[in-house]
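Written below as structure tokens is the structure these notes are about.
Per-chain residue numbering starts at 1, and chain names A, B and C are given in the order in which the chains are listed.
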Amino acid sequence: MQEELEKQIADLKNQVENLAGKQAENKISMIVFSGDLDKALAAFIIGTGSVAMGLEVVMFFTFWGTPLLRDKNKQVGGKDFMGTMFGAMLPKGTGGAKLSKMNMACMGTAMMKSLMKKKNVASLEEMIQMAGELGVKIYVCEMSMDLMGFKREEMINYPDLTFCGVAKFLEEAMNSKIQLFI
Amino acid sequence: MQEELEKQIADLKNQVENLAGKQAENKISMIVFSGDLDKALAAFIIGTGSVAMGLEVVMFFTFWGTPLLRDKNKQVGGKDFMGTMFGAMLPKGTGGAKLSKMNMACMGTAMMKSLMKKKNVASLEEMIQMAGELGVKIYVCEMSMDLMGFKREEMINYPDLTFCGVAKFLEEAMNSKIQLFI
Amino acid sequence: MQEELEKQIADLKNQVENLAGKQAENKISMIVFSGDLDKALAAFIIGTGSVAMGLEVVMFFTFWGTPLLRDKNKQVGGKDFMGTMFGAMLPKGTGGAKLSKMNMACMGTAMMKSLMKKKNVASLEEMIQMAGELGVKIYVCEMSMDLMGFKREEMINYPDLTFCGVAKFLEEAMNSKIQLFI
């Protein structure tokens, strides 16, 4: 009888361990698809706010989000024709990002930026720096880099930046409590 | 030996309680970032549908989503220059919301509205009222209110509306089964 | 005493079973709201990538996402005036999908397509076929079909396609590890 109880307890232990291993971690994973100023701001406000809530933060930059991470002071050569064209057409860093609405030939964007300054809301550049200091992980989509002809040397210096594919991001997202597509 | 079993059972109890405490609640948390008519409709269709599925529903209105909750019949004074400008430029309530696509100088929006009426799909105003009756919680982003110069007195009367920051939303989102950025 | 231990173990078993039943499944649920070429591509890249990570995949096509699934070679008659108008105005299948940014009178879209070909990135048509072969489930929103006046006979042949309401999707989303609104 005693033996039977021991067996049942061992079974339960296994099941509990199994369940514990499947628990989502205290993590938030975001896909930053958009290159709009307002959406990028929202992503970083959520990101830095999540650190304050004790969450680990992973941001995967893909498609139009990728150019946000270009360093406007870095020049790279050796691009092919398409790469040069995309490079010229796409914004170079946060300075070129515009509002998704009410842009009105950039007037809305300028208004919003001046307003944010007045109301003491951090700018996108400041947000990215803060995120870096807080340990927010940035993943950059390799396929987007390749499609847009960006080179690794033209991206910003960021403490924790990794170039990877969607699989690596999904691995993080699967084990996260929150996932957002922005 | 009996004592040993008791200890093991007590251990398991702790672990199971611990796991139970980490379980996501039957809740859905949505960030309504967009002010587009179609996306707002989608958010409320998902919201009211979720109540029917036994989920608690939290909707966090931020950026362009915020003006959707202004009451077109409420007038407030005492705004500064920027606040007055934003107030005039941004839609006042659901009536000013437009489709994200095929708006075509508002023709598409008008078509969609008449079509929804014909097909017995509830309008956005009706959706919001229904959501209120079903107990959907609305959070309004304080930073957006401040940036756009909105005052609390100009927002709609809604049964369960709270002004708060992103941290309060993240707290709900962390414990939710579903999170969406709309 | 022995009896007491047995009772405690039985209690624990119930709790553990209960917890196991509440665990999210290895599944990702996406709402494809957008009909933009880039967002649809992102959705299918995430979808097919998720299969490779061992996840079950459910994609719910609603609003502007719905026309992506029309078959350009199928003709249907018997539509009312609004249905005929919407049918003509909305893209018919993936060929009509455009970039959300940099479309520039379709030049950007054409550039992106030729670039994808050159870089060996699968086209949207190929992605959909691959998704079908990999067992990605497609749900089509009945309300959107009805609003846009689409008929079931004009949709693509896809191995696992179901017409349903938002409730059916929420049921899947509730039990998924990842949910995205695209």
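Here, contacts are C-beta pairs under 8 Å (C-beta built on N, C-alpha and C of every residue); 3 or more make two chains touch, one makes a residue touch a chain.
Just so it is clear, the structure is predicted and the values come from calculations on it, not from any experiment.
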| item | value |
| --- | --- |
| Chain copies touching (chain A, chain B) - same or different residues, decided at half shared | different |
| When chain A is superposed on chain C by its C-alpha atoms, the rotation angle in degrees, nearest 5 | 120 |
| Between chain A and chain B, centroid-to-centroid distance (C-alpha), Å | 23 |
| For chain A, residues contacting two or more additional chains | 5, 9, 12, 16, 19, 24, 179-181 |
| List of chain B residues in touch with chain A within their complex | 1-2, 5, 8-9, 12, 15-16, 19, 22, 24, 31, 33, 35, 62-64, 82, 85, 89-90, 143, 146-147, 165-167, 170-171, 173-174, 179-181 |
| Partner chain A, residues of chain C touching it in the complex | 2, 5-6, 9, 12-13, 16, 19-20, 23-24, 26, 28, 38-39, 42, 45-46, 49-50, 52-53, 55, 100-102, 111-112, 115-116, 118-119, 121, 177-182 |
